[in-house]
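Next come the structures, one after another.
Same chain, two partners: chain A is paired with chain B first, then with chain C.
Let's look at the complex of A and B:
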């Protein structure tokens, strides 16, 4: 900060700082405040706002949890969707981690630099295409009479076509694909900085491959794993396009619930409250990951 | 049973490039053995072959008589100390040392006990629970050695482990390494481009160049009786006088050079009429002319080093002539421009054939440059 003043002078520095401040306030902070404010009010018509019926309430937050019966394990619809989103996003995160770890290790430590950059390019190119198009192409691939079923049938792996899109399968496949790179790059970056000699030293001391990974490679990659998991989880939990395109009525995502409260039920306070509950879920996940992997915010920023 | 390390006709090729060529060598059990050579001479390749990270294209490695072919680094009785040490930064000091035992399934309390013993050996008894990043360079060095010793290897392989340390520490670690080697009795095979390290620590040294072993022997033999021009120029400083051998009698060769007829000990396979070079060390060149070989040269530069001075002179040699003059009171008279009469005894010089292999001559000049850089 003082560096800024020293280099550009007081006037210029103030102009730059106030520019940033206005942008952050107007574009980021204020809309959030509006939503926070909404979420604590009952759903009223414009005329009633500020009138006698208007008061602060926790009703919008509480309504998600109302009707939970832990004895008979019965949950209201919105809460079921919330749980499914939590479970689904966790599963997608885990699948991404399992799929990416070997690939990232290969790219960072085994492949020659030329091959690694070529393969990274191949990985990135599909992501130059719009997310909706990519997701829709999965819709085609997974369709009942789509290419996947035709190929699997031709290979004799399945006898009858599988309805990929009727359960959660389509959503999980689509999300894993959509967010794979958000796991790949943090992992790759973390593994790249691992000194190859450490792997060789562990081997020289007699360690089998799994123990080298368990004791040397994975501990080193922890910040990358944490960042990758956080990214994928947050993106998956707040994804709208993939469940909307690849989901079926039985696989509604919490984002879709929020959307319908906002735009179908016209209940902005309820929608806002649900959005903050989703935010709370993501923050809780981030804090848990930081705790589990014993990484600080500074490690993550690396 | 003896745990000699045998290299039997070992050759390593990478595509068209031959990194190591027909190495035949036996390192005796309990020996401190060094491979000395400039970078790219193949010494690191030999180390990787011994440790099992690479399989030789041809030939065999035997340790204690057992052929190591097909055995990975984790199946050999060797432990490698990496140039950058490769300690595990996320483990504590004692966990690093005990890692090899952990791998072997030794229970935790036994591991810790063994780690404490090794910490005692390396004189760091209080460092068990420290983090690697808290250690100084020399301490890291010793932890790396303890980590390797923990798996009780028959052979320790060291890849220039001192190169990252500063000069004082490097010299201290030389004697430390030597002491640890004596205490444990483990065979040490040491790779270095630093002749000071190789000569001070080793029982025997192998000087390598371009994938071949040029000479194997105790340090003093390598220095005093080089057998090839490469060894003569790579190890230490040498003044060179090239010419043609006039005659050989009683192990003394006389060689016709630009500085006149000079004599020195005849090197191996030297014949009259051969193209050859006479090498004489800077400290063997004496001022005053009462020796069998005489020449004169003019001082152009003096480097004062404290207990001695290096005089650089122009004379009838290949390159400049270097004389090491003791600081015995006569130094002030030795200034640039002074003409000196120099002499040396035939037994102080060695005459080695340089004919035929034109490459060796060109190479050795380049190597001398590299050696000078290393010495600096």
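Let's look at the complex of A and C:
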């Protein structure tokens, strides 16, 4: 701190510190605390706030789990949406990893540098295009008489058109497409640092291709895998637009539940509690990945 | 060796399919703009038209949304760039022990889901009596966009030779002069690209804006609501225009970035060579 004052003088150091205080406290930390505090209140009118009815309660959290019947495997609506979100986000993360891995490997280790640099430029383009437009493009692709059904039918893969937009298929396809490149770039960055000689050595020693990948390439790519999975999972679990555009009432996402608690049921404390649960889910996933793959926060921020 | 080449060919085919998968939906969406069909599609093709651009042009709601997006983007730059620069400088100047913790707090908004940033901003300001609207969208977006600016400035700051500052101070320059004449010019490229990124992030934001916007509409909100109610190829026309602008911008940005890093590499090389020749002279 004293170094700050010495280097920049009192006036500037104070200005800088107050700027940081405004950002960190008023825009980041305090809003979280207020949201969490709010989530432990009952839903009251403005008049009732601070009155006798205003006391701390766990009701908003308990309501998510109330009515779970593990014997008959019956779950209340909101909890079912929560499970669907958890499962869907995990699935999307896994699909992204599988789809991206060969491409990232090709770019990092097989293609010539000129070619890789050109392809990367091409790949960046959809990355820059708005998530909503990317999702909307699949809305057209997946329509009942749309291009995808026509292509699949022409290839003989399906006999009759599929109603993509009324099942979970549309949401999963759309999310994979929307978040794919968040997996691609961390993977590519990690693989790029792999020494080609290691692959050659393994090959010379007679390792088959799958084992080279399993024992040499994938272990090297671990930090990239971790970062990519964290990005995709958090984006998928907290996506609103993809399920809203490509889903149906039967494929509701947890973010949609939160939104309706806020703006349809007008129950903000409940919405805040659910938002905190979603945040907890994401943090749990991030910490697990960091632990399993042994990566730090600085690796992720890159 | 044979199998090696075969697997490479397989990879190339896979890459081709991957690129098709990546771009076909965007091409289809763009192409649907020119179909006469009232529902945006390319199958069947009912006839070629440009009337959906006209329909878009005549949609007053779109212009309001576009204006709002620009207003928010402008103020996000105004808020997040100075805060991001200050944060980077503080982070660079504090004790190493505090740095790790402060860094974690500062990058945490980048890992926080956008909807949660929106919700916490909404709840926090509501309790202070401030309702949703464009101003709240600016605050909500800036809370994480500042982190992007901070990271960009920090990267540049770490390559700054602080002995230049020392020298200027020793020679009697004021702190203000040192900042204006030495540090600010060094940080300028990072500040400019930070501002560009900030505007872009703001313009395409949906999740945070959804909760903080009150009753105002931004362009992303407009598109999403149009898709669900009142979808015509006019939305495709807007998408096509946005994609064209984005692609042009992205290519320009990418080329600029690559040229910049090439220039830096060349400068480093020159400095190295200078050092080598100095050593040889000695």
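As a working rule, the second predicted complex is superposed on the first by the 278 of 302 C-alpha atoms of A that agree within 3 Å, B and C clash if a C-alpha of one lies under 4 Å from a C-alpha of the other, contacts with A are read in each partner's own complex, and residues count from 1 in each chain.
Please note the rule applied: contacts are C-beta pairs under 8 Å (C-beta built on N, C-alpha and C of every residue); 3 or more make two chains touch, one makes a residue touch a chain.
It should be emphasised that the depicted structure is a prediction, and the values quoted were computed from it without experimental measurement.
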Once chain A from each complex is brought into register, does chain C clash with chain B or fit beside it?
fit
Looking at the overlay, what does A:232 touch: chain B (first), chain C (second), both, or neither?
neither
First (chain B), second (chain C), both or neither touched by A:194:
neither
Does the superposition put A:96 against chain B (first), chain C (second), both, or neither?
neither
In the superposed arrangement, which partner chain does A:203 touch: chain B (first), chain C (second), both, or neither?
both
By the touch definition at the top of the document, which applies to A:38: first (chain B), second (chain C), both, or neither?
second
Quick one: classify A:219 as touching chain B (first), chain C (second), both or neither.
first
Have a look at where A:171 lands relative to chain B and chain C in the superposition and call it first, second, both or neither.
neither
Of chain B and chain C, which one touches more of chain A's residues?
C
Answer with first, second, both or neither: which of chain B and chain C does A:240 touch in the superposed model?
second
For A:211 in the superposed arrangement: first (chain B), second (chain C), both or neither?
first
Once both structures are superposed, the least CA distance from chain B to chain C in Å comes to 5
Output the chain A positions appearing in both contact lists, the one against chain B and the one against chain C.
203
Which stretch or stretches of chain C touch chain A in the complex?
3-4, 7-8, 11-12, 14-15, 18-19, 21-26, 28-29, 32, 39-44, 82-83, 86-87, 89-90, 93-95, 98, 102-116, 119-124, 126-127, 139, 142-143, 146, 151, 162, 165, 174-176, 178-179, 200, 204, 206-207, 210-211, 220, 223-224, 227-228, 235-236, 239, 242-243, 246-247, 249-251, 254
Residue ranges of chain A in contact with chain B within the complex
195, 197-198, 200-208, 211, 215-216, 219-220
Which stretch or stretches of chain A touch chain C in the complex?
1, 3-4, 7-9, 11-12, 15-17, 19-20, 22-24, 27-32, 34-35, 38, 99, 102-103, 105-106, 110, 119, 121-126, 128-134, 136-141, 143, 145-147, 150, 177, 180, 203, 209, 230, 234-235, 237-241, 244-245, 255, 258-259, 262, 268, 271-272, 275, 278-279, 282, 286, 297-298, 300-301
Touching chain A in the complex: which residues of chain B?
51-53, 72-75, 78-80, 82-84, 86-88, 90-91, 99-100, 102-104, 147-148, 151
